[in-house]
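Take this structure first; my questions come after.
In order of appearance the chains are A, B, C, D and E, and numbering begins at 1 in each one.
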Amino acid sequence: MLTIKGLKTSYGQIEALHGIDIRINSGEIVSLVGANGAGKSTLLMTISGLQPADSGTITFEGKDLLKVGADQRVANGIVQVPEGRQVFKDLSVEDNLLLGAYTRGRSQEVEDDLDRMYEKFPILRQKRRNLAGELSGGQQQMLAMGRALMAKPRLLLLDEPSMGLAPLIIEEIFNIIKELKNEGMTIFLVEQNASQALALADRGYVLETGRVVVEGTGRDLLSNEKVREAYLGM
Amino acid sequence: MMARFSDFRLKGLVFLAIVVFALPMFISNPFHYGLATQTALVAAAVVGLNLLVGFAGQISLGHAGFFGLGAYFSAIMTSNYGWSAIPALVLGAVFVAIIAWIVGRPILRLKGHYLSMATLAVGFIIAIILNNEREITGGPDGMPVPSFDVFGWELSVFGQYSLFGMDISGDLAWYLFAGVVLLVAVWLAQNLIDSPIGRALRSVHGSEVAASVVGVNTAKYKSLVFVISAVYASVMGALYGHFQGFITPSVASFDFSILLITMVVLGGMGSTIGVIIGAVVLELLPQLLADFQEMEMVLFGLILMLTMIFMPKGLLPTAANLLAKRRAKSAGGDA
Amino acid sequence: MTALVEVRNLSKAFGGVHAVEDVSFSVDAGQVYSVIGPNGAGKTTLFNLITGLYTPTSGEVKLNGESIAKLQPNQLAERGMCRTFQQMQICMNMTAIENVMLGRHLTLKSNLLTTLFRLPALTRGEKAAREKAAELMEFVGCGEYLDTEASAMSYGALKRLEIARALAAEPKVVLLDEPAAGLNAVETAALEELIRKIAGQGITVMLVEHDMKLVMGISDRLLVLNYGRVLAEGTPEQIRTNPDVIAAYLGG
Amino acid sequence: ADPIRIGSFLSVTGPASFLGDPELKTLQMYVEKINEEGGVLGRQLELVHYDDAGNASKARNFASRLIRSDRVDIIVGGSTTGATMAAVPMIEQAGVPFISLAGAVVITTPVKKWVFKTPQSDRMAAERILTDMKSRGLTKVGLISGTGGFGSSGREQTLAVAKEMGGIEIVADETYGGSDTDMTAQLTNIRNTDGVQTILNFGFGQGPAIVTRNYAQLGIELPFYQSHGVASDGFLELAGSNAEGLRLPASPLLVPESLPESDPQKPVVEAYKSEYEARWNSKVSTFGAYAYDGLNLAVKAIEKAGSTDKEAVRDALENIQGHVGVTGTFNMSPTDHNGLEADSFRILEVQDGGWKLIN
Amino acid sequence: MFSEFLQYLFTGITIGATYALIALGFTLIYNASHVINFAQGEFLMIGGMATVSLTAMGVPMLLAIVLAVVLAGVLGIALQRLAIAPAKNADVVTLIIITIGASIFIRGLAQLVWGKEYHVMPNFSSDEPIEIFGAVLNTQSLWVLGVGAVLVAVLVYFFTRTLTGKAILATSMNKDAARLVGIRTQVVLMLAFMVSALLGSIAGIVVAPITFTSYDIGIILGLKGFVAAAIGGLGSGLGAVVGGLALGVVEAMAAGYLSSDYKDAVAFSMILLVLFFMPRGLFGAKVVERV
């Protein structure tokens, strides 16, 4: 579904990704692990089109993604839950969710999805009239997730979705991710909670200072010595 | 970085000194001295404004008010009350500092455009007072200002002086004086920036919350830098008045406030040498464009726009970036 | 012996939301004291109240026996309290080390005169501050970023930077709001080590965290909030087995 | 031979552009014309001009540039009093003859060695207006003025003249800002002042037109005076029918046809008017005439001096007698660097949308 | 006494309605980008001047108005496309300076094309003022008020009810996040500039019969509009109107009862006072700063 080849990206003079090759098949959960500063967020931002690529290719269902703008990518179904939540602080929770469906306009279907989101995250229904900025950190994280789902993504990019969530909710989030997979969604998951992420993933990649150093099935990675030592702390 | 920073600081000052003292070799015409003198004084005021805008991140759209207050204070004391210029200038600075402190306290609580608005209001109120109090200020037609004197010794553009045995004209003398004033202003400003106080100021820009939880009294520092930049403006205003020999309320006008802030942004917010370049450009540009008559305004607007579009970080920072890039490239080529 | 931090019947309401309601507890000097609870339970709000960023609706907080009701955050910092944030507060217009040096603000006594004329005392102080800051950055594990612009650092690196900044102030008590968020297991283990070291220096640590492994392993006592109210308080052992806490928060 | 360099700084743009614009046009066209006719002393004239945009410190800079960089022989310029006064110290020091085109009385009172001016001073305007009022038996005056240089100096002169003249009293004293868009409040105050018999507005720009309109809207019936600051056809266009019946002092330029044949100014005025309007395809204004007179005085002085020696030109200027200009007849002297009398102002009234000479 | 007060009030409303209409133009661009568009006053000027010069060329008034508004709209788009969009990632202050440059540029052009004279525009309806209890009110003020009311209603509806309106707000709050939900931020900004140019030119046309019009009318009216917008609370349509009216009424009352010399100073002091007690103006959006 998504194929990345030889991708290089830099901030000014500093190159952050030094030629990345990644493939995500339709219906898979692919997990990306790496230390702080490895370039995980940079990669997601490049896929979403907020960070320009220097060289290499990204193809999505055979189309060259680098040729289209960020908004087009969302319309094509590539949607991201960004790091640090990035909710629209001075808009209400409901407006945030509705804007998630911006590319879909406003229809009955969207209204129904809104209801479904409230069912998934009941706290959001309770806070729907509150400004997003008033939510607690974890509540904002849920909102960010809900906003992304409102776009009806086909490829969902998750940048540390469990960050700042209570243990019960983390379980909940992982359950949701599984559910989404069952609904046929493709998911690219960046997680620090590597053991859980890899357990869930069909395949995984390990990123180290802008390079893919290990790749394999989730199970392979979980049992890989190097990964266990460096990321799972076992 | 700090090593590099202080290194750069020194380099900037030395560079500036060389420019200031070498310039007379390229000037033959007393008018150009006048222009250079005026530019140096305005640039020094802009260096002060940059402390507030570029480092502490607080926008002022009324800074000319303080410039004008300083100018008028000195003008009134010297011409109406026969004071000598130095005490007038110093007392003017104290007076302006007090005013700035009083108005600064409440308005510096404001953020962003609301702060701009409040400073704009303060500037306007000052300008209105200067404009209306005809008996004291001469009203909109302005008032003459005696030449600058240091306890009896007079500095006048029309005088003749000798310096290290050389005969120099009053224009050159004024220019050298203004140049030295600028250098001192830069030196002080750079010392301030490269210090714990300077860091605290920048942190107010970066994150007030972060600053306050490590013990920075943000209100105090904002007031402090507001007062310091007002004092800069006041002193330069006073000198400007003495140099010009005549002032009108336009020295305190909104237009001038906008010009000052434009100098900061055009030159490069937060870069002391940069904002001086901004001042030089915006002081000289109208002179260059004067020959274009009706087209002057169009060209000025166009140049201002294009510069900011293509050098959004300001002249100096953008140029420095370009240079760094080029260097990185050629270094890469070598490797 | 009076407690270092003492919270009495503290409440904070935002409009109709009772973010913190009638919370009381106390923290003794030298403890590692953690606050846990579901999302939106009021943990961050509690920290904001203790550090003077919010004014309580009712109740009070005492630091070292002194009521902090009228004190600003910077005055609390002067009394030895420092913190990090869940939503990071970094000065993005500065380099990493300058951010940490900012933490030294209170220990650098400088007046306008020494500053303007750059007297030697100032340069000396700056040099020392820089060394200390570099040391701290090494200590928290972002020594490689010394002169990096803060805006060019990754999320995780910034989180550590914030801890370094808080420590630079040489606090008596430091409040950490979700320091492990965004760290992987190995990094979290390193953080645990770090917090132990901090506590080992006699600094009181208050911690909000969702990583139970970290919290349970390191805390002397725990406070559990739910809907702004105290659900439980006690040692890790007591909390781990408390059925209310399991139901509301831990799951399992 | 080298050209004779005539320097000028004018407010061609900015709030006072309605002064500077016709002034510049006048200078340009007459310098051309004089050159076509062979120049002065056999030398061509060269106009060096800068736009000060009504900003005093710019004016000073340009004056300095004219004197020290362009080395002009004489300066004709300074549209506003502020611009003029800012340049005066520099000019006095440098010793360059300077003919100002601005109105305030302070420019030539006290007399400054190198400074002359062509417009009647605002003091004369005040005298002329108050005299006309008195002759109509109007003695209680409500004054409204602009806060700009022109208005505020005019206000001051009006107050002073009223005091000296006696028998006339300013009973209300209001002001408005240069860019205000409604003066109804001030006019209401004046109207409600006890015993007020007439209203005088001292100001220039679009403000007086707004005052005039508000005046009509409020239905005030008192006789209404404006200053010479609005003596142009442009004002009539702006104020429209609201201006009916108001009076002001002005140069005869606005009513050349009504001048008697015997009036020595008649041919000068008619010539200037027709030449200007033919060349620029826009109406003449009194302000352009200040520049016309200034240029001609300069030329005359240079001719009399027989050289461009600054000292000689200045002396010649100071001794010009009986020079008939558009603004009036100039009789300069060491004690009078303006050389005009108050009666060079004619009182005009707006009737049927046009100017009518009253006396 | 009462009629005097009433007259001051009417005067204030006349001036204030003008300010209010101008302030509305600021609201839109502010909401889209947090930029104070210093060229807003020029849209005003374009509206008035283009209408006047077109009618002088014999174009019927209504058509002239439409053409003038279109011209301003095109200019708004051009400003965004050519000046704002290329300065990607620039600070807000930089963008503000760009708008200052644009303002000078446009004014310079207008001066070249249209000259420096002031021009009159006839009242939309009767020249006869309305008299109420001995005080008079210009009919054009009613037009200004009416147009203002309609525009506020439209703006409020737009920002609270339509997705596009919310997308504009979202763009100003967090540009990256806006792009992540698929908002074409550049298009949104262009739209905002165009609409606010339209608003500005409409304001310029409606107020021209009161203020006269000339190439440089935009400076001071733009400034007063900014002031009004700030008192009302930047970004709030209702605030812009209330702020404008308040500013006008204070000016008129100060001129009437205190001192006409100091009426502007009184108005500016009022602003300081308002901001002192309400740091985000009268209707400024509540902003949460959570840590």
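Keep this in mind: contacts are C-beta pairs under 8 Å (C-beta built on N, C-alpha and C of every residue); 3 or more make two chains touch, one makes a residue touch a chain.
The shown structure was predicted, so the numbers you read here are calculated from the model rather than taken from an experiment.
Comparing mean CA positions across the assembly, the chain most remote from subunit B is A. Note: the chain lying farthest from subunit C is D, by mean C-alpha position. Distance from the subunit A centre to the subunit D centre is 74 Å, each centre being the mean of its Cα atoms. In whole angstrom, the spacing between the mean C-alpha positions of subunit B and subunit C is 41. Spacing of subunit B relative to subunit D, judged by their CA centroids, is 37 angstrom. Computed centre separation for the pair subunit A/subunit E is 42 angstrom, with centres defined by C-alpha atoms. Of all residues in subunit A, those touching 2 or more other chains are 134, listed in ascending order. Shared interface positions of subunit C, i.e. residues touching 2 or more other chains, are given as 44, 53, 85-87, 89.
Annotation for subunit B: residues 132, 209, 294, 296-297 touch two or more other chains. Residue ranges on subunit B touching subunit D, taken from their complex, read 29-32, 34-35, 38, 131-132, 134, 139-142, 144, 157-158, 244-248, 250-251, 255, 286-287, 290, 293-294, 296-297.
By the touch rule above, subunit E contacts subunit D in their complex via residues 4, 7-8, 10-12, 14-15, 18, 111, 116-120, 129, 136, 138, 207, 210-212, 214, 216, 220-221, 252-253, 255-256, 260-261, 263-264. The part of subunit C that touches subunit A in the complex is made up of residues 14, 37-41, 43-44, 86-87, 152-157, 160, 178, 181-189, 210, 212, 249-252.
Those residues of subunit D whose C-beta lies close enough to touch subunit B in the complex are 12-13, 49-51, 55-58, 60-62, 64-65, 67-69, 81-82, 85-90, 93, 104, 106, 147-149, 152-153, 156.
Per the touch definition, subunit C reaches subunit B in the complex via residues 51, 53, 72-74, 76-78, 82-83, 85, 89-95, 97-99, 101-106, 108, 110, 112, 115-118, 122, 125-126, 129-130, 146-147, 150, 165-166, 168-169.
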